[in-house]
Amino acid sequence: MNKRDFLKGLILFFPAGGMLGALAGMLEAKEAAPAQTGTAGAAPKPGPKAYDPKSHYYGMGIEIDKCIGCNRCVEACKAENDVLQEPFFFRTWIERYVIKKDGNVVVESISVKSKAPKEASQDDADVLRTFFVPKLCNHCVHPPCVQVCPVGATFSTEDGVVLIDSKRCIGCRYCIQACPYGARYLDPRTKTADKCSFCYHRVRQGLLPACVEVCPTQARIFGDLKSKASRLVRFARLNKIHVLKPSLNTEPKVYYAQLDGEVR
Amino acid sequence: MRMPEQVKRLAVVIAVIIAGALITRFYVIPRSLTSNELHRSSTVQRELAKPVKFAGSEICQGCHETEGIKKNKSFHRNVSCEACHGPAVKHAEDPTAVKPPAPRDRKFCPVCHAYDASRPTGFPQINPSVHNPLKPCIACHNPHDPVPPQTPKACSACHAQIERTKSVSSHALLVCTTCHTVSEQHKRAPRTALPSKPQTREFCAKCHGKDSPQKEPPKIDVTTHGTPYLCWQCHHPHLPEGRG
Amino acid sequence: MSEVLHELLEQITGFIYPNEVEIHWSLLIVVYPYITGLVAGAFILASLVKVFNVKDLQPTYRLALLTALAFLLVAPLPLLLHLGRPELFYEILLTPNVTSAMAMFGFVYAWYLMGVLLLEVWFEYRRDLIVMAGRERGLMRWIHRALSLFSTDTSEAALAFDRKAIRAITIIGIPSAFLLHGYVGFIFGSVKANPWWSSVLMPIVFLMSAIVSGIALVIFLYMMLAAIRKEPVDMRCLDTITSYLFYAVIVDFSLEALDFIHRLYESEESVKILGKLITHKLFMSLFVLQILIGMFIPLGILVVAKWRRLNEDGRKLLYFTAVILIQLGIFSTRWNVVIGGQLFSKSFRGLMAYKLEVMGIEGFLSAMALLALPFVILAVLIRVLPTKRLADEASGAAPS
């Protein structure tokens, strides 16, 4: 075949390919367009009292200076969300930081009761600062877990909560690798990924997440960033706010007040 | 243009495969399997259908008004009922059939109130082994109004870490009120009615100045040493000798 | 499962986030980039013949193609076996999340299998399939006719077209092979949460070590096949191919050294815990297996083999030893990346432990079976598709 014939053939391929592409595009658009007039389980029409996710945006505030490390939040979360009682599946947990005068930092998770001997117990005189830090899923604005999920099983709702579709999750564990905060784990019963959901089932009913509900010192504050009267907005007005690992640009929505620089 | 016959055959196979894939994906496979919106809305429905285990303090106070009113004026006003009584939604639904536990054990209250250096200063902490051992906590402290039987005169009931630090220092025998004036309000609203801190260098000079009548404390020349700062901006008054 | 985790909990040093005690990506996820690396490497070797006209390597061309195909067919298996819900694997093709590298890889794989490898194998073997169909009767005849898509044209013009097509496909195939295995490197390299993985160099290093392992594998198979068939080895081919292997190892080593030096020099926050990681947890697999046994010693062997002007048998022995050590080294490289990246906490304050099971779907035996399977498939492929061009129908002589 000479060059001319080859080029002629090539010219034919473009319209053929274009037609195929257009066909695929049309088919995809037809499928993606939501059904007209509310058939087959599409989103309900917002009535006067119906919940409009766009008008809410949830976040959490944590005051380090108020946390007493009692672990009530951890236990309440496990009770509310049916999390296994084992010491390796936590939707939320508490860390203790002990910063010594010689610069050493000792960290342990007080929510894990392991049989291993603890780090040397604190000798008060050597301690410069010590405090508790509650941790949980940060429900980031740019969640790396949502970005990497191959099947889109984890997603952000419009009201700012990152949820997991456990029916779609294939258990590839990429999201667990991608989370910089260690907030995710694999539920061994369903073999799908699991994590804190901000107790979405409670929040939608106007209740507080279980961890916020039982905290005896109100170290955890839950609120709606879009509301005019919100504990969280007041919290953000009165405190200088930190987030975990800001350099990773995940924009977490769990805001810490009085967070120490040693916390990772 | 003459296309070699093998390419014609190949083109047919490729076209069949591509068309088959497209038709299967967009026609044969139902939308319920592929639509993101449907998947997400059904996930939200499944989340919302999950059972609630903690009822929330408001619900409890709907029936238990007396306890609620008492607790809301007490030091435990921010402690929700279920923090101690556990998840109680079942009780709220059928109060006579299900009763939430009421912890009466001495092991229970120290979960929050046992001394722990990492707990914020000002949070009431005791050492359970020496604080009225063997007596149940509720014998002296009503959990819904946990005022101690004697209002603690010493500050160490709440400021245990400071007390421990100070007790091994050279200031061990100085009571807190030596340097801090405290109003009664501080026991009711500790974070707003704050105790005072000495605001002049002359205050510390009462013991540490060259002219001081006290003989034991180390002496400095208050006019030159460390001006213009206040003494406690460098020296930790609760452990002046420091460690390392 | 929980018993294993309880054990692992006792082996933690320092502080880890509680959920991190479980190592999620196991030995199977070490096997997977190893296999796709072999595919990419074998294909690049084949491309040296068809695109860069290195005629000396012609005897290994078909073997390299079939090797790439055999390993590519097995590549998705470790992934499938590792999934928590393998029965839902189709979702990754049906409803992929376009921001996910893992999802897009499914399509890169499909493209490479269908649009590059199968197409090239078909064009390469079309003539031989027609020749074989002409010679056989019965079932084998129909199989060969079907595989050739019932084509019958063996004219010079048609064969010339086949050769041009192979060239074109290989030209497209080189970036496709880069994409195939570079993508695996990107899947790791784009995880910003993990400083051991997160690196711009990760796809490049993955690709270079893939080329090393692919070339080494084809050398190994070529020598094994010649021994099994009791045929002589083409020494010019072997000497040329080991030269390419030598240069590839040098480049691979340079890239890995660059990554190491760069990390040490920049000394970012994670450098302390990563230092602990490689000295406490990865000492054997990194310094001994990957670097010493996997790179330095084979490099030394290859230098000796080439500069000392040994006889044929001496060279063959040294080459064979070198390629086996290289395979061990590249497998260790994959281990150090995949498992190594999961042995330190994202709090940068602690180290975890990995327990390799013997039995079980993600255990040692399972991984060995997956590594052996492509050889079985290759044996079947070689039966159906001969590694040497068949003689013409009319003349009895094998064409050049």
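The chains carry the letters A, B and C, assigned in the order they are written, with residues numbered from 1 in each.
We adopt the following convention: a residue touches a chain if its C-beta (ideal position, glycine included) is under 8 Å from a C-beta of that chain, and two chains touch if they have at least 3 such contacts.
Everything numeric here is computed off the predicted structure, so don't read it as measured data.
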When the mean CA coordinate of each chain is compared with the mean CA coordinate of the whole protein, which chain is closest?
A
From chain B, which chain is the farthest off, judged by mean CA positions?
C
Would you say A-B or B-C is joined by more C-beta pairs in contact?
A-B
Any idea how many Å lie between the Cα centroids of chain A and chain C?
36
Chain centre separation in whole Å, for chain C relative to chain B (CA means)
52
Can you compute the centre-to-centre distance for chain A and chain B, using the mean CA position of each chain? Integer Å is fine.
21
Multi-chain contact sites of chain C, meaning residues that touch two or more partners
95, 157, 161
Tell me, which residues of chain A touch at least two other chains?
1, 152, 168
Could you list which residues of chain B touch at least two other chains?
4, 25, 34, 36, 39
Partner chain A, residues of chain B touching it in the complex
1-4, 18, 22, 25-27, 31-32, 34-44, 46-50, 52-54, 56-57, 76, 78-80, 82-83, 86-87, 111-112, 116-120, 123, 161, 164-165, 168, 239, 243-244
Inside the complex, what are the residues of chain C that reach chain A?
1-2, 5-6, 9-10, 12, 14-22, 24-25, 79, 82-86, 88-89, 91-92, 95-97, 99-103, 106, 157, 161, 164, 187, 190-194, 342, 345-349
Which residues, counting only chain C, touch chain B once they are in their complex?
94-95, 114, 119, 122, 126, 149-153, 157-158, 161-162, 165
Touching residues of chain A toward chain C in the complex: what are they?
1, 86-90, 93, 95, 105-109, 111-112, 114-116, 135, 144, 146-152, 168-174, 176-186, 188, 190-192, 248, 264
If you look only at chain B, which of its residues touch chain C in the complex?
4-7, 9-10, 13, 17, 25, 29, 33-34, 36, 39
